[in-house]
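Both complexes shown next keep chain A, but they swap its partner, so chain B is in the first and chain C is in the second.
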Partner chain A sequence: MSSPAQEVIYASAKQYLREPVNLALLLIIPPLLIVAMSGALSTFSNVIGGNLGQRAGSGLAGLWAAAILTGVASFFLSLASACVDGRLILAGLRPSAVTAAHAAMTILIALLTAAVSVLILLATQDVGRLAALFGAIFVAALIYGSLGSLLSVYVHGDLEGSFVIILIFMLDAFVGGPLAAGRGIAADLLPVHFPSEVAIASMIDAPIHDSWLVWSGLYLVATSLLATYALMRRRTMQ
Partner chain B sequence: MKPLAITALLLREYERNGLLLGLLVVVPLIFITLAIYTTEDIPISFLVRDGGEQVTVSKPMPDVHGAIMVPITAAFLASLVGLFTMVGAARNDARLIVAGASSVTVTSARLALIVVLTTVVTLVSVGVALIDFRPAVLWSFVTANVLVGVTYALIGVLAALLVGRLGGAFLMFTLPMIDIGIYQDPMLVSGEQAFWMKLLPGFGGTRLLLDAGFTPGFDEWTALAFALAWLLALTGVVIFVLSSVRHK
Partner chain C sequence: MTSAPETLPTSDLGHAAGAAADVLQVSDVRKSFRRRLSVHPRVNHVLRGVTFALPPGAIVGLVGENGSGKSVLLKIIVGLMKADSGTVSLSGRLGYCPQVPLLYDKLTCDETFQLFGHAYGLGDDVTAARATECFELFGFARFRSELVENLSGGTKQKLNLSVALLHKPDLLLLDEPYSGFDWETYLRFWQLTDFLRAAGTTILIVSHFIEERSHFDRIVHLRDGVVVDEAA
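Then we have the complex of A and B:
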């Protein structure tokens, strides 16, 4: 990675850390969500036709917390930096360096939220397969992070972007996720359907299908490429 | 300029935003309709107040889920409206003040704008629910949802003032889900709620909503008092924080 890109990453990280409340919320919200949702998701799953147990529900809550927080952070950070990025490029920085900086920030936030979620799950539940659980939550966070970046290029209002993120998330939860025992092409096409299956299987030590891993990976690659392309195009348009 | 004139001016900005207007309809439509059609059609029992007594009623689960999704949707959307309207205010209100409007006028206009948008969001949500569900007392059902919506809009305003844009977004994506989506939902919390759940901002409005949705008459005076207490307290805190911020 070029030195200017590293400078942009450090500057972005410093900007984030200057608002310690944002960092604090990234650490506080996952435990709140996991504790509040662990029992509720199991009950709710029965309401809408699924059959999740409490451990599986907790795993899903951990995945959702990491995914939604990374998606929101990625959307707002990328949207807020659009003008500054344009000026950096005018000043001579390559668009690829600015995009790499965004990608690095998204990866850092996904790592942080996934780590916090997994630590809370370890502290509150029996976890079947730790590495697979961490991988699934991290991949889900990265997919939502990529979607957040992608959205920031095409939706320029805070409110509209938030509504779209909520909409995607609710569809994921109600239609695509194991919460409602989502099956079929509509469920498969939603962003974190397969990572959710892996996370739940990891929590309860059930078999993990190879196809879930392949589809999770493909979804991650596709959303990352789309986000990178959109961010690069945004730079060249400015 | 008078507050109403400024509110009308600010509303025009939203009129021109087709994507936002579309989402204001599409999001409640998908949230509430999905909730109703994905729920198992079996009865569920929960506690309500009827004729001054606490009684257990049994109702079809899709009706209960459809009814409870209205305040969840209203709270989600209204809190984001409150948050981002106030974030936008930080940028734009200074210009209005330079143009000659007083600080009090601009602040009143901004809060009026939030109440108007929240009412629209809430009424759209209620309208969507009415396609599949008929509450026992419609006016009380609407009132309950508007109370929840305005309460969460004010929480969004406070979040904007205290933790800013990103921190506020983190909070507003999670608080309505935890409060109304979990701790006030009779499908998830059966029997009498724990005392601390009754202290949450969504408690009063949601109890009113269950009363209006599933029993004839009006029984939830305590819940109404809780909801109004939250509303008044939040209004006071918002005005205090806003005046502190404006005088800095």
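Then we have the complex of A and C:
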């Protein structure tokens, strides 16, 4: 007999995997960004002040694909299940079990999206350091997954939530990311600035600064804690 | 018109008759909402001191117009909202059937029962047995492997109600439970409530209006946030 938390994980996994749009996005977004747009990213980077090469651009695109897919999936899953979660808690499930199930589901989706991105990068580019690249993309996906869960507690519309995630992504990409050689506190504060630096360095086999790893970890811990706190407090039912 | 079946296909969905103490006591519950960000801040007093009690084995209707505070009161009773003042005392297991079916739409009916069975702390065998009783009682066994999203509104409502009954609650709170039911299911529903009442289950049915008063032991009428009359 499985635990209640496991049952919620199974239910969430079925919610994700039985939605054909999720699988279609998983097959379309990473190849589109990595294969079709990496050249354009490199050119665009030079226009807006960056100096991203094509390999580095591919790594960044892979990270974006995993982050966006995980963030959006996490937001929609968490938003759609808010009322059912409330009913399950009323039925006797502990809020911590429901929250743990959501966290586990976000980790699984982040693993899946990161794996797809890295596989496409391996198939199309020379990858300098595979483990570091996978780690950076996985952490970026987890950060966006946590942000998606956090948003689902405070933004109750599908459209509005999607806009907020895209807005954060655009700030990340055009202000904080290596695409525009973003520097300074504003750039550092954006969610995947440091994982992006790690991913690019991993792609082109450049040195990885310890501070990038530390800040990536700190950002992951902070967003995870915020999302966990918000989900624990949520007891929404129509 | 189809007549209702003579007997219920199950005999074990109720629980043993409980003690004579009230199953639910609502005492002087008050709730207000403040519009702080409005140009004209004001306080909306939704509940102004609601008091009533439900004894074991009673079927009680909670009636009121839109905005009378029924939904707020229900949320306070089930614990989804805090009252500003007053107390709500519950004894025994609570079963709650919301007006809108709150279920994972990508799960089958069987998977839904399994999930809620775990939430109620029931074993797999007990859950499966009670799920079968519910399927037979409401006549939707042929949909047991169907995804919730593919069910009709009425069948979803049957599943919604079945989930609330799965753990044999002592107090059953039903929010507009028969919306979407066909006539036969509607009659079965009242047979079920009579059966549950006989077994000691207390049932509170929340509705905009109540047509068949003969089914109820009491009707609690909520108007402007207070109980204005309690008709037998």
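The rule is short, and it goes like this: the second predicted complex is superposed on the first by the 229 of 238 C-alpha atoms of A that agree within 3 Å, B and C clash if a C-alpha of one lies under 4 Å from a C-alpha of the other, contacts with A are read in each partner's own complex, and residues count from 1 in each chain.
Quick note on the criterion: a contact is a pair of C-beta atoms (placed from the backbone, for glycine too) under 8 Å apart; a residue touches a chain by one contact, two chains touch by 3 or more.
Computed from a predicted model, the values in this text were never measured in an experiment.
Within the superposed three-chain model, A:A91 lies in touch with chain C and out of touch with chain B [touch as defined at top].
Contacts of A:L171 after superposition: chain B is touched, whereas chain C is not reached. In the superposition on chain A, contact is made by A:L32 with chain B only, not with chain C. With both structures placed on the common chain, the touch criterion links A:L189 to neither chain B nor chain C. Of the two partner chains placed by superposition, only chain C is touched by A:C83; chain B is not. Contacts of A:V47 after superposition on the shared chain: chain B is touched, whereas chain C is not. Once the two complexes are overlaid on the shared chain, A:E19 sits against chain B and chain C alike.
If you count the residues of chain A touched by chain B and by chain C, you find the higher number for B. Chain A residues in contact with chain B (one complex) as well as with chain C (other complex) are 19, 80.
Listed in rising order, the residues of chain B touching chain A in the complex are 17, 19-20, 23-24, 26-27, 30-31, 34-35, 38-40, 61, 65, 76-77, 80-81, 83-85, 87-88, 163-167, 169-174, 177-178, 182-183, 185, 187-188.
Residues 19, 21-22, 25-26, 29, 32-33, 36-37, 40, 43-44, 46-49, 68-69, 72-73, 76-77, 80, 155, 157-160, 162-167, 170-171, 174-175, 180 of chain A are the ones that touch chain B when the two sit in their complex.
Those residues of chain A whose C-beta lies close enough to touch chain C in the complex are 1-4, 7-8, 11, 14-15, 18-19, 80-81, 83-84, 86-88, 90-93, 235-238. Those residues of chain C lying in contact with chain A across their complex are 75, 78-80, 94, 96, 98-100, 102-107, 111, 114-116, 118-121, 123-124, 147, 163, 167.
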